[in-house]
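Every chain is named by a letter (A, B, C and D) in the order it is written, and numbering of its residues begins at 1.
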Amino acid sequence: MGELTEKQKAQALKTAQSLSKDKLHDMYTKMNHVRAFEDKVAYFFSRGMVHGTTHLYSGEEATAIGALANLDDDDLMTSTHRGHGHTIGKGIDLKKMMAELLGKETGYCRGKGGSMHIADLTRGNLGANGIVGGGIPIATGAGITLKLRNEGRVVVCFFGDGALNEGTFHESVNLASIWDLPVIYICENNQYGMSFSAKKSMNVDDLSVRAKAYGIPGVTVDGNDIFAVYEAVKKAKKHALKTGPYFIVSETYRFMGHSKSDANKYRSKEEIAEWKDRDPIPRMRAILVETGQFTDSELDAIEEQCKQDIEEAVKFAENSADPSVDSILDDVFAPSN
Amino acid sequence: MGELTEKQKAQALKTAQSLSKDKLHDMYTKMNHVRAFEDKVAYFFSRGMVHGTTHLYSGEEATAIGALANLDDDDLMTSTHRGHGHTIGKGIDLKKMMAELLGKETGYCRGKGGSMHIADLTRGNLGANGIVGGGIPIATGAGITLKLRNEGRVVVCFFGDGALNEGTFHESVNLASIWDLPVIYICENNQYGMSFSAKKSMNVDDLSVRAKAYGIPGVTVDGNDIFAVYEAVKKAKKHALKTGPYFIVSETYRFMGHSKSDANKYRSKEEIAEWKDRDPIPRMRAILVETGQFTDSELDAIEEQCKQDIEEAVKFAENSADPSVDSILDDVFAPSN
Amino acid sequence: MREITYAEAIREAMSEEMRRDESVFFFGEDIGIYGGAFGVSVGMIDEFGAERVRDTPISEAAIIGAAAGAAVSGSRPIAEIQFSDFISIGMDQLGNQAAKMRYMFGGHAEVPMVVRAPAGSGTGAAAQHSQSQEAWYCHIPGLKVVIPSTPYDAKGLLKTSIRDNNPVVFLEQKLLYRKKGEVPEEEYTIPLGKADIKREGSDLTIVTWGRMVSMVLEVADALKDQFSIEVLDPRTLVPLDRDAIVTSAKKTGHVLVVHEAVQTGGYGGEIVATVADSEAFYYLDAPIKRLGGLDIPIPYNPELERNAVPTPEKIEQAIRDLMA
Amino acid sequence: MREITYAEAIREAMSEEMRRDESVFFFGEDIGIYGGAFGVSVGMIDEFGAERVRDTPISEAAIIGAAAGAAVSGSRPIAEIQFSDFISIGMDQLGNQAAKMRYMFGGHAEVPMVVRAPAGSGTGAAAQHSQSQEAWYCHIPGLKVVIPSTPYDAKGLLKTSIRDNNPVVFLEQKLLYRKKGEVPEEEYTIPLGKADIKREGSDLTIVTWGRMVSMVLEVADALKDQFSIEVLDPRTLVPLDRDAIVTSAKKTGHVLVVHEAVQTGGYGGEIVATVADSEAFYYLDAPIKRLGGLDIPIPYNPELERNAVPTPEKIEQAIRDLMA
């Protein structure tokens, strides 16, 4: 079960071979950056060293990284409360990201946003979101801008299986559909919205059927196979630019609890173990070795480098100052001329 | 085009024959009550004799009357801004209804609600609604009560094609689906949400496809054929009681403008004429004559009686007092013990 | 000077800004061929086309949220919500998204959008189509809130709102749409945050906005031989010109706030609290009074509806009580 | 007397009412096996089963609207919204449906429902999970609004809210969930609309609610040698015990309102306006002061977050300013 099917594997090998070594290097690096970042955050939380709560992306990396590997810097993205993977996938300064988690002045949001509100508008990252389903209309509106400008850019909109039941999903996808907006809606079905399983919260087997309600294409992919995600989004991007919105359900799993306090009462150890077996990082690694594009030691080096990058980010964050209380009133309103 | 198809007609005759004369009498009476009521209200508005605005149901009668003919007094219903048909269909005191339109103390809402807020809880009418899509969660919640009580009762929830794009539709039907609530969702596709055609506001040909998103049955019926509507809702009711929610799209048309001020710029005279050709009242009448259950003169008498009933309702309303300004603060809160 | 209606003034403001800046676009329910529920946008689709004047489905959360998304990605959307009551459907997108983005992102975002919506009672549309909910929006940091009381103010304030780099809730007054007033042909704008003294006086300050302004002015004129009444229209509730209010209160020593919104929890409380905790407190010769709408949903019957909100009679009575 | 936590008090209230009246049921996100985001309902699904303790999808508009529908058809639902900030998603269902049904229908409906939701900052959850929006709900005729500040009040008020025949918004205070307080074993209820004087005093009245009550009490105790401070907790903001506030203001001649919500447009304005237009006005020796949250979204950094709302230091300063 942990392995890719033969067919999947053949496709994965083909996809890997179609990509440059640099590109794959970047993708594998990002996968490992996410994992290392989340491990560090989990550690911080377990020690009570960070304030608030956080939602970790470990286990789901292939979705964000595979999808966003299709995007250019000026393409856009909206993310979720579980946003670290998307944020890294879209390209980010890890130091400023870690600094934000620690609430520092040097953080992306100058310490005002924290884990759930990291954005980087310089790289087309329109922000994480604390409201389930909250980013879906925003991505859709960004799609209007892109449609009006007609510059060949797309928006990727991430949200969870839980968000699929918010009214914003429905209203937004319909709007994108009638206006042919270049938006790729990606539902990360990690099987649960907090404690409530997707199976219980929806009465459909394959969530991608929801696309039919809006007359747009909908597909389901193995979200733990980065190459499958990559191909699906590649196709979606073409469609988005030419025709209009596209809906992808990426089947995946979160390895950690929902947020910092989660006794995991709603799922079994066996289930977790089964999914850990399908960890997207070793899966990707196996393909890269099999195609011969990377040696094991090259990949080890990447993994090592990623951990070091995170340590450096931590160092930067820890050495950064807290924002001054005097800055508390800043940034409510933008200046206007 | 104005005629029923052969198949439809055969079915309509069969359905008519399956119903008692009393039942058919009641249905035909209600169809005509609605039409006469709306004609009267249109007249009042054209003369500026009524305050506010109103949304007339003329042309759509078969949907409400056909659907509600399946319900018992203690079954429940939620209605819309275009609610006169549903209200009459569920059974109402026409006098109190007309009095409410005229804002009188003797009206259903003591003059506080008006056209968009008539309810009759004694007959399971949970109320019209000024908010498009606003009644859908309410019907769903009523479904929870019925499910918990398990008394074999259902809720019928009416809304328009425009309401299909409100988030409340999506959230509510999903909820009803996972909880197997006995709710029949009936979308009255009168082809427009105000000026925006259903064709433009949704990118799907057959709106009933939306049921698939929730894993429930969805069908489309000719909403100007009262017998077709009746049969569809009959089936839906069985399903609702045994299994869970059901979605019906009833294809129909409003003969009048959206509300009192509507220049009809968004639709053609030809289109209106075509649909008037499919007027549900003569269609029903033709079937009743063809089965031999009613003579023309019996039906003429019903029509005449309906007009008289409305005149009497008007008389009652006109002779009623306005509410006293002293009552203005009443009824914000219910007393609690 | 030429006179145009409040609705025309709004249409002119939108059209001029759309001509001036092509990143401005306009969307909402039935705003195209229908021209909007109140006819505000009649003809605009002919000039600007269906790309920039977009009819939407009935999806208020998506409309408001899409405005935020369009704004943060470089457009300057104007979203129309057909009745301001329906903003409640998109309340999360307005209050938790559009208003907060800039602050949450540490100042690294601009969200230049306007949500236009008609407010107020008096049209016989009852409880769900007649509300005045400005107090809600004023309680959300990150939003500006504008309520024009004349065609002149409507045009100048809307142009400024469209150029503002923040989300603005622009509450139009249904009963004013057909009212005419002087509006110059030449370009002008009105800054947000500056109150307008609609009438000078020395005995009593009445702070009021929206359609209540003309009602209060009429009462003030009728009583001119008895009281010299100053009528202060803040025009924008956020930012609020607190200085102007305090200055006027110091001058007159009597303050009455009149608004159409339900009194309990209304923005009148903010005005009263502004005065009560200012140096004007020491100049007050009487309690600070509010006259808001009754604490009820708007009823349908016309006479009840009229009495649900301030009337000339109630305003006069409040003035007499205060000056007694 | 035995001591239990605020969260336990709430759970007891719900459980007792569900045992007492089988038309009461409870639903919301993750309230079943998970026990609720704050552990309030741990174990309830075991006692009452999945029919009466219903886990819902993430659909706040449907949750609030379904509560209204269940209520008007004869049930007495308790709906939990995981954070009160998310009520904005169901704002139309709350404000335009649940609250208005009775009035619109001329008194022919009862809508006995409770929307429970945790409010307030202090947990590091930032702008979209930390708000105090009671002022919004208070501005909607037809809703009652309750904010308990102790386990005792929480239990007694929640039981009354569940038995009330109207929609009640019951705002729990996140930072109080684990605070213990005395709660009798015996059945009791507390009427809505009755303020509680949490501390008697003669120099100054502080009106405050929710988690600010204990902070204000601490400051009042610390300053007891300098000022005799009366602390008045309205407990229910609608209905509001205006008499108790006016009586206290007359007694002390000094009034300060402290609340966590953003100051501008907050319910503090209502309290100030109540005093400023009452006979207490004539007894005032100083301006009426408010100390609310800053006019900003709640920031993430803990020190900023702490400073976004009233602190003991700011409360002390406000007292000193007022008594100067």
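Heads up, the rule we're going with is that a residue touches a chain if its C-beta (ideal position, glycine included) is under 8 Å from a C-beta of that chain, and two chains touch if they have at least 3 such contacts.
Source: prediction; values computed, not measured.
With chains reduced to the mean position of their C-alpha atoms, the one farthest from chain B is A. By count of C-beta pairs in contact, B-D exceeds the other of the chain pairs B-D and B-C. The mean-CA centres of chain B and chain D are about 41 angstrom from one another, to the nearest whole unit.
Per-chain Cα centroids separate chain C from chain D by 30 Å.
Averaging Cα coordinates per chain places chain A and chain D 37 Å apart. Within chain C, the positions touching two or more other chains are listed as 56-57, 59, 61-62, 85-86, 89, 92, 96, 103-104, 126-128, 141-142, 295-297, 299. Shared contact sites, meaning residues of chain A that touch two or more other chains, fall at 109, 111-113, 117, 129-131, 134, 165-168, 171, 174, 178, 200-202, 332. Residues 25, 27, 51-52, 54, 56-57, 59, 61-62, 64-75, 77, 92-93, 96-97, 101-112, 141-142, 144, 163-166 of chain D are the ones touching chain B in the complex. Interface residues of chain D, counted against chain A in their complex, comprise 29-30, 32-34, 37, 55-62, 85-86, 89, 123-129, 294-297, 299-305, 307-308. On chain D, the positions that touch chain C within their shared complex are 61, 85-86, 88-89, 91-92, 95-96, 99-100, 103-104, 126-128, 133, 135-136, 138-142, 238, 240, 261-262, 264-273, 275-278, 281-282, 286-290, 295-297, 299. For chain A in complex with chain B, the residues that touch the partner chain are 165-171, 174, 177-178, 200-204, 209-210, 212-216.
Residues 50-53, 100, 103-104, 109, 111-114, 116-117, 129-134, 162-163, 165-167, 193-196, 200-202, 265-266, 322-323, 325, 327-329, 332 of chain A touch chain D in their complex.
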